[in-house]
Each structure stands twice: as structure tokens, then as C-alpha cells.
Amino acid sequence: MAKLWGGRFSQTTDKRMEAFSASIDYDQRLYAHDIAGSIAHCLMLEHQKIITSSDAHTLVKGLEIIQKEIESGRFTIDPALEDIHMHIEHRLAEICGDTAKKLHTARSRNDQVCLDIRMYLRDETQRILHLLHQLRQVLVVLSEKNIHVIIPGYTHLQRAQPVLISHHFMAYYEMFTRDADRFKDAYRRIDVMPLGSAALAGTTFPIDRAFTANLLNFKEISQNSMDAVSDRDFVIEFLSCASICMVHLSRLSEELILWSSKEFNFIELSDAYTTGSSIMPQKKNPDAAELTRGKCGRVFGSLISVLTLMKGLPLAYNRDMQEDKEPLFDTIDTLKACLDIYCHMLPEMKLNKKQMQSACESGYLNATDLADYLVNKGIPFREAHHISGKIVQYAIGQGAEIHELSVDTLKQFSDVIDDDLMPLLMPMTMINQRSCMGGTATHQIQKAIEHASEILQEECTNQ
Amino acid sequence: MAKLWGGRFSQTTDKRMEAFSASIDYDQRLYAHDIAGSIAHCLMLEHQKIITSSDAHTLVKGLEIIQKEIESGRFTIDPALEDIHMHIEHRLAEICGDTAKKLHTARSRNDQVCLDIRMYLRDETQRILHLLHQLRQVLVVLSEKNIHVIIPGYTHLQRAQPVLISHHFMAYYEMFTRDADRFKDAYRRIDVMPLGSAALAGTTFPIDRAFTANLLNFKEISQNSMDAVSDRDFVIEFLSCASICMVHLSRLSEELILWSSKEFNFIELSDAYTTGSSIMPQKKNPDAAELTRGKCGRVFGSLISVLTLMKGLPLAYNRDMQEDKEPLFDTIDTLKACLDIYCHMLPEMKLNKKQMQSACESGYLNATDLADYLVNKGIPFREAHHISGKIVQYAIGQGAEIHELSVDTLKQFSDVIDDDLMPLLMPMTMINQRSCMGGTATHQIQKAIEHASEILQEECTNQ
Amino acid sequence: MAKLWGGRFSQTTDKRMEAFSASIDYDQRLYAHDIAGSIAHCLMLEHQKIITSSDAHTLVKGLEIIQKEIESGRFTIDPALEDIHMHIEHRLAEICGDTAKKLHTARSRNDQVCLDIRMYLRDETQRILHLLHQLRQVLVVLSEKNIHVIIPGYTHLQRAQPVLISHHFMAYYEMFTRDADRFKDAYRRIDVMPLGSAALAGTTFPIDRAFTANLLNFKEISQNSMDAVSDRDFVIEFLSCASICMVHLSRLSEELILWSSKEFNFIELSDAYTTGSSIMPQKKNPDAAELTRGKCGRVFGSLISVLTLMKGLPLAYNRDMQEDKEPLFDTIDTLKACLDIYCHMLPEMKLNKKQMQSACESGYLNATDLADYLVNKGIPFREAHHISGKIVQYAIGQGAEIHELSVDTLKQFSDVIDDDLMPLLMPMTMINQRSCMGGTATHQIQKAIEHASEILQEECTNQ
Amino acid sequence: MAKLWGGRFSQTTDKRMEAFSASIDYDQRLYAHDIAGSIAHCLMLEHQKIITSSDAHTLVKGLEIIQKEIESGRFTIDPALEDIHMHIEHRLAEICGDTAKKLHTARSRNDQVCLDIRMYLRDETQRILHLLHQLRQVLVVLSEKNIHVIIPGYTHLQRAQPVLISHHFMAYYEMFTRDADRFKDAYRRIDVMPLGSAALAGTTFPIDRAFTANLLNFKEISQNSMDAVSDRDFVIEFLSCASICMVHLSRLSEELILWSSKEFNFIELSDAYTTGSSIMPQKKNPDAAELTRGKCGRVFGSLISVLTLMKGLPLAYNRDMQEDKEPLFDTIDTLKACLDIYCHMLPEMKLNKKQMQSACESGYLNATDLADYLVNKGIPFREAHHISGKIVQYAIGQGAEIHELSVDTLKQFSDVIDDDLMPLLMPMTMINQRSCMGGTATHQIQKAIEHASEILQEECTNQ
């Protein structure tokens, strides 16, 4: 197979080297964007009269044929043609003859590859934003549906204070909303057209970059050709956004795993998203959650991978950069799959409300409220805290909860304690007492749910 | 020393454990933000009549005294008081007596720490934006001053095509501008007030979070208390921004190191930013650039560090999160130091213009232009490329550059070649031929410089 | 302050640059090894008659004085003297005058630094091996003491089969034993003397490297001077060993955190290694375990840090390499602190044996044994598994455990089931049935404990 | 398709979940080891009379048929059968009927997977050791062949002192030898048989683990079943070894890239291992070296990936661990490909000896030797260094090298300088003066080459 760049070479490429440097295995997924980019480039060349209309027509038609061939599975992959660009170019030559050679005018592989990845990543970022939207919707619906369900809130995995489970779900809504925000910010820096940068210095042909950008629906055009062909910031930024999003998914996964355990027993995941054991018939394993938690590592790895490869590279393009694609593609696939699984697994999860409720009633979750009560009776906070601590210690000794002690007993720790304390120690009261913005009180969470619903609705309208 | 939380404990903390869990060594840098946050919280408590005006007055005064003590170096650090918050609280009790205990009303260490880091990080992000502004200014000035200096543009570290060195510098301007953009986006997500989230579920006291946010100049207020105390996204996002910025600095460093080598000999760094060798008297080592390149690893490490620690943590606060501070602080210090060094080192760098110029004249940097010439004479691009390659191969055999071959010789490779070719093979012509937007042509770079200057000017005005 | 390398420089170093490149803040911990290395080098120079005995005597005496000054806190640190080597050299010049200048004969900073780190790391690796020995001892003692305590073994955090808690502890014994093995292997590659490599190419002086190696108790001598000054493999390998060891500590930490939760309630950690909450008086948080789990990230970060900085560096020494020290030192400190805390926290942990026992009795942990019983009655494994699964499903429906169903009921699922099944479904029987090597049967675990005790004893004797 | 574990499940697995949790795409490469492991397990079951000889015979025959089917490409992959183990088991049932179900007796997927990876990794580690052997051989041959070629030794990428290029190559020999050592150490910890651990607690069947281990040629048997099924240390350790080896390859790559540049012009890589540019006909890009340098990131990423996924997992098996395979497999493929390319690329590389020689003669590489000369004339080292520095500064001013200055001129800097200095300033003299062990003197390098050849020879004999 003739190389594009064979001119000054007298020896052929070693077979090992061909395999080593080939990217066709993974970059074939860029075919549609490569073809769309080529068509736009071709139309611009025609518009600028760099090639004739007849040539342009031939090329566009040829490219469209190739697209159909690929989509229908009739396109042959040849390992000797190292990447998808070569494959398309080679096939174009078969279809259009010499005219095919004109397509590369005023364009280099360097800017072409950048264009393709940016176009591809725009689409995938949109898809991820869509999945995030869906997942946030799922969380809002779950929160609405279970607004009266209570669960212990934990710090240090110790029961701390009772909260609405909707409060808990809405915390994840907040995280995934921030993730969406970050992806949107990253999108602005992806949506920049590099074509026309050629190999590194721009081209001598009288091209019109705005024309091409317009055809391809790019909002911005790169301002410096050396930067444009060697910038992989947008890949790293995307991988960072994905890593943070995976952190959130891993935290949610950890919780589902904990909650599915016999010890917590707060939820039951659907059979459809769990698996059994080949040796232990009783097992029902939260595999989807475990795999998601594990896949976190894979995404972090991809981030480190691209950061490492870019470290210390001089301008402009270096072949190392070819290694940006696999981590990027793998991260896109991984993140989409995890988000998708969660969108479908969460709604089918069963909540063991009784178990959650009863967990709120043991473990001294009302100790803070007791302290707050004392403060309201005029005792300085730190002292109130100390008294409450002493009462907890006493109750532990008695094998009782605070609300199981008599008022008389409690009075011995502080004589400001009176009958009006008892109602304040019930979970729902405690919850509704925390009524500042962001707090767990029912009306605050309802407000948060409404607000979220409006935002999600708006996002739908704007799309 | 009495612990804040000693109530239910019968045994004292092990000395080893005290050392293990203490953070005072590094979190003391938060003192000013901690005090400012406490004062604002105190004023809000007063405004909401949760504490009396007289108590509020006492507390604010006490806090102001502590600030002065710290600033004048008269404040004692005691390893047994594990963090800066404890130190301040403890001293406040010494100054104000029992009143001091009221400051913690409606506040937990969890939301207090988040507040402090966010306030601190706002300031540091501003400082980094300022340094980035300065560095971009330096690059623009360098570009302006050296607008007529040419240098080989490289791909694969092979000379590719001549470019203006200003084009090269402005590529870095673009990178650092994107970095600034990213930090600004991150800033929006840092600038969110968490106070009022208390331990995790909000507080039972009738606080006014907007009042506090306003005093502390926060643009937004966190919407979910469980999320607010366990969110470290803003730390990770900041570390990602810093990592990408360090990638850029490492690339620039690599180039300065290459250019300082005897082989390239393109620049001479100032004695002030290089060091010698203890054993080789002739050495002048580009240490600042090497250290910056190396420090890239440290920032990547910090990013991985915080990503790892957050992976799989259940809600809400877990003590692991204390480990977010050191990597964050180290990254801030590192990035600021590197940016600062570059702001001062770059302007003092001497360019060996002759060496750069002569490097543009050997190595067949005009082969592309020869190919483009052939295309303009009607030869399809791929064929033109092939002919140009053949000529290069021939020239190498002759030990000559293309422009040193006679037109007659060149004609033997393609008869469309004529005398009009020769001027097109001179570096400055080649440069100015690349006149599309983003290309290396002088007027394009001048335009880019002007545009950048305006932006920098505007940024100054807006601050 | 005169630089060691000022000869060809006409400008002084910028103050910023001094701060940027200084390492004295962290490398002062190398002082004792630096002095010991210098004394050995000096004695070798004397032995080889490169310097006179009188000079050697003066130098050794001077170095000994400095050591005492540092140890007694009378040594002044001056930020302008960038590292510990400069500080010692400078002070030596004050003490010995011109003779001091002879110490640097046949030595460069490059090989000196390598020597110091290797000597330091030998000592610290020994300390870590000692701590690992101690921790393994603690685990063996815990296992011995609690040999009759049972606990559910988990997979996917689902109760799977009952095991001895000693089996669980001894799993960690195995992990930490492998860690020790790895550190020992790494030690062999640390224990290599680089001195004599000079800057990179060796020295022209007639030195005797074996003599120095012998004085400093090195087992091997580096074979290639260029490699010797630029090799940081031993640092990375050490960081890898530490990272794996931290993974083990993080897993153990996760379990202690889970077991301390109200839901599991398997253990109670000592007050001495937990902390309370400033707002929730009832909390007893497993902070030491959480911090250890979090510190995992910090060690991974250090590993990535040094890997990144070494990536793509040409031979031989580059200043980037100075950045290897902080991650190394931080990792040593972190790992030692975590190991130490565990050595002391584990023995004081209380086991809630009843809770563990009762957890073994619910959750169908005997389903495998039921299946195995069926296999022994001639039913193929996969079918037996299926029948057992059906029984579990039935039992769940009945709200009963398998052993709570009657034999008659069970017979309906398979008529091979008979009265002889029931004893096989009791936890202790199940445990003792798993009697192959490595299995959880009491006598196997006792054997493992004995074996471990012998190994630990042997290690003591060999040290 | 019936799941192995369907017994207690009433709902079928979601299609999404099947795709999400499937590993067949990548774990099919384990087929041969899976079959070999199953055969050994089967023979042990027979030997222990757990199954009949006739059943054993049927199973072994069936497994052998499957192996042939796979090897001849006649085996069908069905996405619904999630992994290679299921595929083989399912096909075995088709071939052997009910007997197939007996193979899983006394075995779980958990210990089976561990066995397969360990067996596979043993083979691959051997292959990598073989490639490292080959590469070290290549370096020794290159060193032998070019023993008289000199090149500047660099520190900070500044010319420092002349060295033999063989010295430089042998530095890499040392690195790759250490890599081999590390892989051998890792091998010992891979070569441990886990079978018999069953799901986590061992098995109730009277198996003979030593029998199986012996059949499969394992040196050791795992000692604790809970550890055995949840240990992935050996994967991480392997990835660490690979990461360090990639660091070495990235450093060598960086040097080949530098040396291939027009500026250094020290080497010419073969056409077979370089590529051209699609737009710049003159380019000959060191792609293999660049890709190798870039692939460093990918291996670091895999290391972080597995470290992250193991962090904080409770015992024993968790599904997250399935994610260990792809990073492991990718690293194996990457490392083997890079080593292989280097084994073939290096011998075909042309050295531009003249260019290297002449580079040794400019850049004041003899300044150290001048200083050493002064020391030998009785001037203390630091002073000698200072004088030498002054001379360099003077020479730079004159545009001359030191050896181009007259003795009279030199005398003005120190009157101990005499005619005997001049020969000492010639590169070959300087090289041969550095004759201590590890130094660059020809006879030392020859000794090192001989020593290495013997070691390589021995390794061959031992294999």
C-alpha cells in the first residue's frame, strides 16, 4: 500500500511498526465526523475556487458513497492503512481517481484529526449531558415519591441525625447538576474549529475558515495554528469532568452496596441489576454498583494517561498525541454506560421504609437536638453539648435510648429539662426543625424538588 | 486540654493519635478566613437575635484580638489543639470566657471548614488569575518586541516550516488564556457559601444564610446541606485546572531547555534564573525550567490524591476529607511559584536571532511550499507532495538545500517548475504566505497581538 | 553567599529563584547520612593518598562537630544556602578553613545526593519492615486470642459463609507479609553505593569505591556512573511497595469503619483512637481508620508524582529529579504513622462476639453447605446449587432461615435430604468442614497461626 | 440462557446489565489457561475420588475438544454468556451433558479467575523477560560495536563531559537489567496457586491442593483462602514493574528523538521505523520513539486504575475486581510491543560518529578536567573549580574553546598551568582518565560489556 508520505523514503515500513503505529482499531468510530469534515472542507475549497465545482461534486459524492458503505458494513478494513483517514482517502481514490488527491489541499492530518475529535466529542458531550439530565430527573422523581421516608444521616458512617431520604437523593441531584455545569463549560472549549491550521503554521491557500466553521456549526475558530494542532486541553478537561462525575457515581454506588447489605437492609435492588453466585445460592450481589465503583479507577487512569503523555512535549504536533484517543473513547463509553445503568436501576430499587425508620430511632440521633434544646434554655452551646454527651453515656450504660429515659432521670443532668423536651426528640420533629435553606425540613426539600423540576423542564425546552 | 467533644468519652486520646490526626501544621494558613467567617456568623446570630448584641460585640472583639496576635507572631501553637479552628476557639475562651462557647451555635466544624477553604481558595484563585494575566502580558510583549524574528516550527521535533517566534509565543498566550478561562469557571463553583449546613442536616436555629453570604461576599448559597459538607468537587476541579496549566508550563519549560542546549543554541537564559555545576565550571543549567517541568508531577500527584480519597465515600462528611488540604495548598504554592518565575524569567531571556534564522534555512523547511507551488500549477496535492519528496531525497544526496538547486535541476522532477518558484522558498515569504486566520503570516500575528492586548487591557479595567 | 559554582556567572541569582530551587526545608533530614557519607569519602581519599592524613583528620573532626551542632539544635539554617549539603559544606569551611574545600575532590553533588537518599532510605525501609513485623505480630496474637470467634465472611458485602475471625485477621497477615517481602526485594536495589560516579562520567582521581562501600556497609556498588546519578527506580519501587501496603491498610480501615457502624456493630474501637463530634454528642468516630483510608490517596499521588517527573528525561542528571524527595519523605512519614497507629489500635479493639455469632445465623450462610450436601448425595453440582437456591427463595418467602425449616419441608425440594443434613448447617460445623489447606477450619487456622509465629520468631533472630 | 446462579431469582437480567457486566470481549484471551486449569482440577477430583474416573475422562476429553474448537476458530461467542468461563462451561454441557456440571465441584468462579490470571501472567512475564533479555543483548552488541565512538555526556541537557557512547548504552543495559530483576521478584509472587479457596472460605470437599499445584507447575500454594480470592497485589506489582520499565523506554525514546533532530543530528533511524508527513515531504519522524514515550502515560494510567479500584474494598471478592483485567492486558500488550520495536529498531539505527565527535570538542566539556588538573597541582577543589570557571568565561568572550587558548593565556589564571595540561583536554584522554569502576574509561566499559555478556549467556543456559 503506498504511503501518503513515501516520497523521500527508500525503505518500506516494518510490519511490526505498522501494527505498532496503527490506530484503525479504535479511530474507525470517527468515520462519520471525518466524512462530514471532509465534505465541509471540500465545499469551502470550491467556494474559494481552490478546486472546481465539478471536482467538489465528485468528491462529495464519493464521500457520501463511502459513508453508506461503512454504515451498511460493506467497507473493508485493511490493517496496512493505519487509520480511518487513510482508509477513507484510499477508498475515495478508488472511487474518484486522481480527483481524490485534491481533497487534501490546504489541510493536514494534524488539523483534520483535531477537527474529527472535536466534532465527535461535541456529540458525545451532548449525549452525556442528556444522560445526566435523565439521571437528575430520576433522582427528583425518587425524591418526590418518597418525601415522607426518613433515614439516618451519617457522618463517619455513624448515625448522626435523621434526614429525609429525599434530602439524601437531592444531594446527588446537586452533584450531577454541577457535573452537567462542568461539561457545559468544557463544551465551550471543545466547540472550536481547528481546520485551516494545516500541519502547524497555517496554509498558503486562500481558504475561508469561517465558511467551514459555519457549515460544521462551530461557535468559535482557533486563533493560533500552532496551538490548534497541539492543544489537547479539551481532552484532559473532559476527562477531569468525567473523573469527578465518576467520583459521584462511586459514592452513590458505595451507598447502594452498604444499603443492600444484610446489616443495613435499607433497599433491595432489582433482580435485573444484580447477579447471583455460582457457588452460594443465597447471594444477590449489587454487581452494577460494584462495577461502577470499580470503573472509577479506569477513568482516573485515563486522565493520568493523557496528562502524562502531554507533559513536557515541545510544540507543535508530536506522535505521542495519537495516544489521546483510546483513553478518551474508553472514558466516554464507560461514563455513558454507568449513567445509563443508574437511570434504569434506581427507579426499580425498593426502599425498606420500616427498616430506615427504625434505624432513626436507635443510635442517639437526637443528641444534637437535646443539646440545642438546652441552648434554647440559656445554656452556652459547648456546655449544652457536654451535658448531652453525659446523658448519652448514661443511656448507653442503661441500654436505652435518650427518649426512653424519664424526664426525672434527665433532669438530674440539667434542671432546665422539662416535659416540653420529649416531642423534640422524635425523628420527624427533628427533621422539620431543620428548616433553614438547604436543611432537611420537609418544606425545604419540597422547595428544592420544585426548583429542580423547573430547571429540568427549562433544560428540555432549551434543547 | 479538654476536647470539644469529650462528653461521652471515658478514656483520653492517645498521643500518637493526636499527632496522627492533627492538621494545625498546615491549616494555620486558614486563620484569617476562619476569623472572618466567625465574625460574619456572629453578626448573623446577633441579627437573628440568637445571641445578644453584647455577646456578639464581645465575640467580635475577641476574634479581632486573636487576628492581631497571629499577625504579630504572638500566638502560641499547641500540638494538642489539633487544628486552627480549635486554636482560635480555645484562645477565644481565654479572652471572652463562657461567652466564647456561644459562637459555635448553629454551626458545626464540618460547615466551618468548608467555608474557610472556599474563602481561602477564592483569594488564591484570584491571585493565580492575576499571575496568569501577568504571564500572558509578558508573552504579548515578547511577541510584539520580536515580531520579525523567525524560528523553525517543529513537528515530531523535526524542523517543519518556518514561523514567527511571536507565533510560537502567542500559542502559549492561547494556552494560558484557556487556563484563565477554566479557573474562572471553577471560581463560580468555589464561590458558594456552605455555612448553615451544620453537621450535615441543617440547624434548628432560625439563622439567615443570605445575611452571612452577603457579609462574606458570596455569590451563591449551597442548596443542600448534606451535599455542602461533603462536596470536594471544587477542590478537584481546581487541581485539574492547575494540572492542565502545569502541562503548559512543562511544555514551555521543555522548549526553553531544548533551546538553551548547545545544539539548538536559540536562547540564553539570564544568570539570575540558571545555576552552575559544583563540578563542571562551564555549565549554565536551565534549573528554573527543569524544576517547573518536574513540578508538573507533583501537581498531577495532588490531583490523583484527592480523586482517590473521595472515591467511594458514603455521605456525608468522613474524616478522610481532611486529607484534601495538603495537596490543595501544595498545588497553590507550586503553581504560583512557577507562574511567578516565568513572569520574571521570560523577559530577561536573550534570543539568538541569527541562529534561529539560519536554522530556518536548512532542513528543507520549504518542501511544503514547493508542493503547494506545484498544486497551484495544477498538480493534485498528493502527487505534488510526492514530487517534492523526491526532490528532497535528491537534495539530501547532493548535500544541498532545495533552494540551492538550480531551476534546471528542479525541472527534471516536474516541468511546471520555473523561475517564479525561487522567491517562494525564502523563509519570510513562506511565513507571510500563510495568511489565513491563525496562520503565521506577520499581519495575522500582529492582529493576534493587538487582539490579545485589548483583552488584557479590558481584564485590567474589569478587576 | 558565594555559590559553589559562581565562576562563570556575572549576575547573581534572583531571590525568587533561590526560594524556588531551595530544598533545605525538606532535605535537612538527610544531615546525618550526608555527614556519614562525607566521613567515609574523606577516609577513602586519605587511604588512597588523594588527601593527606592531616587534612582527613581535620575534615572528619569538623564534620563531627557539625553533627553535634545539628543534633543539639545549635546549627543555623540560612535560606540562601539552598540545601543541606551546602549548609554542611559552608559550616565546614568556617570550621576548617581552606581544607574544607578538599572534601569535594572526586565527588559531585549528583552522586552525593544519591548516596544520601540511598542511605536514608535503607534506614527507613528497615524501620518500616520493623513496623510491619510488629503489625503482623499483632494480627497473629489477635487471631490466637479469638480463635473461637466466628464472623460472616462476605463477598460483594453480602454475607456468604461463616469464617473464623482469625481467618479474616490472618488474611491481613498474609498481605502484610507480602508487603514485607516486597520491601525486602526493594531493599536489595536500594543498597547500592553510587559514590564515585561524580557528575556523570566517573572521576579522574584514583579512588577506591569498594573501600567507601565497605565503610558505609553497602552490599553492592553501582556499575555505570551515568545510570547511577540518574537512576530513581529505587524511589519509584519503594513508592509502589508503599502504595500496595496502603491499599491493604485502606481495606482493613474500610472494614473497621463498617464494623464500627451501628448496623454492623461488630467492634468497638478504643476511645484513644476515635474522636467525637463538636455538634453531635453521641458520636464516636473511627477517625484513625478514616484518615488511614484517606492517606492512601496521598501515597498514590506521590507515586504518580515521581513517575511523571522521570518520564522522558534524557540522561544523565536533570534538575527535575530534585522533586523526588518530598513525595518520598512524605510517603515514609505517612506509612510509618499508619502502621504505628494500627499496631496500637488493633489490640485495644473490642469484639462484639455475640453480634458476630448471631450475624452468622441469619442470611442463609449455609446455602452452600446445603448444596455441597446434595452433591455428596450424588446430585451434580450445578443442579445442587439450583435446588439450594430454590430453598433459599422459599425460605425468604417464609421469613425463615434454612435451618428453621423442617426436614419434611426440605424433602419437597429434593428427596435425598434427610435428618443428617441439620448438623451440617450449624456455623461451627460449616467452618470446620472447610478443612483443606487455606480453608477456614479451626485446625487449619491454628496451623497458619503457628506457622506465622515461627516465621516472626525467625525474623527476630535474624535481625 | 440459563444463568449459573439463577435459583433464587425471579426476574431476568436486564440487557443493559448483561452488556455492562460482560467481560467476554477481553477475557477470552484466558481460554487456554482456563482449560488447562479445569483439566488439572478435574484430574485432582478424580485422584481424590470426588468424581469417578469415567466422569473425569469425559470432562477432560470435552475440554480438549473445546480447546481445539477455539484454536481453529470454530467456537461461537455469545454476548449473553458473560465471560470465557461461562462459554467453556456452557459448551462443555453441550458436549458432555450432565457430567459437565460436576466440574464445578469444590471450585468457585472466584478462585478459578484468580488461577487463570496467575497462569496467564506467568507466561506473559516470561515473555517480557525474554524480550528484556533480547533488548539487553542488543544494547551490549551496540556497545561492543561502537566502543570507540564518543558522544557528549549531558546533565541538564547541557554538554558536560565526553563519554563513550557505549557507556551511554550500557546505562540502559543497567536499567533494563534492574527491570528484569523486578519482574523476576514479581514472578515469585505470581507463581502461587489459589485453587481450592473456593468462594472465600475453602471447600468442604476433600481436595488435594498440592496435587493440582504440581500438575500446573506452581511453586507455591496460597495459605489463606480469603486472601487468595481477594488479592490483586500481584497485578499491581506487575503494573509497577511495567511502569518503571516504560519510564526507561520513555527516556531512551526522548534521547532518540533529540538525537534525530536536525540540531543534534547524532543518529539516523531506519526508514522502517519512522514515518513521513502527509503535508511536509522532507519530514522523517521518529514515530516509534514518540509513540513509546506517549505509551508511558497509558501504563501509568493502568497502574492508577488498579490501585484506585482496590482502595478501600472490604474482604473478600467484590465485583469491582473484574476491572483489573483490561488494564493488565493492555499493559502487557503495550510493554511487549514497545520492547519488541526497540529490539528491532536499535540495531538498524545509524550513528553519525563525526557529528558526535565534533560535539565533544565544543562546549567546554574539558572544564572539569582542567579543574582536576589544578587540584593535582595542589589547589583545593573548590578554588580549582573557580579558576576553571573564570577561564571558561574568558574563553566564551573570545569565542574560543579552552584547548584553543594558549598556555600563556591560561597561565594568567593560575601559574601552575603548564604544557602538560594540553593532552589532558582531549576527549579520548578525558574519557580514559575516568577509570574507576563505573567510569567511562574504555577498559571499564569493555569490562562492563564482558560482564554483561556473561550474565546474558548464563541466563540463556538457565532457561
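A, B, C and D are the chain letters, set down in written order, and residue numbers restart from 1 in every chain.
Basically, a residue touches a chain if its C-beta (ideal position, glycine included) is under 8 Å from a C-beta of that chain, and two chains touch if they have at least 3 such contacts.
What you see is a predicted model; the values in this text were computed from it and never measured.
When the contact pairs of A-B are matched by residue number against C-D, B-D or B-C, more than half turn up again in C-D.
Note on interfaces A-C and A-D: more C-beta pairs are in contact across A-D. Annotation: 24 Å between the Cα-based centres of chain C and chain D. One inter-chain figure worth recording: chain A and chain D are separated by 33 Å, centre to centre, where each centre is the mean of the chain's CA atoms. For chain A, residues that reach two or more other chains under the stated contact definition are 4-10, 104, 110, 155-157, 160-161, 198-199, 258, 276-287, 290, 293, 296-297, 300, 303-304, 307-308, 311-312, 318-319, 368, 385-386, 388-389, 392. Taken in their complex, chain C has these residues touching chain A: 155-161, 257-258, 260-264, 276-287, 290, 304, 307-308, 311-312, 359, 362-365, 367-368, 370-371, 385-386, 388-389, 391-392. Every residue of chain A that touches chain B in the complex is listed here, in rising order: 4-10, 98-105, 110, 153-157, 160-163, 167-168, 170-175, 178, 181-182, 185, 189, 196-207, 209-210, 221-231, 233, 236-237, 240, 243-244, 247, 250-251, 253-255, 258, 293, 296-297, 300, 303-304, 307-308, 310-319, 368-369, 372, 375, 380-383, 385-390, 392-393, 396, 430-431, 433-441, 444, 448, 451.
Across the complex, chain A is touched by residues 3-14, 16-17, 19-21, 104, 108-110, 198-199, 270-273, 275-288, 290-291, 293-298, 300-309, 318-323, 326-327, 337, 340-341, 344 of chain D.
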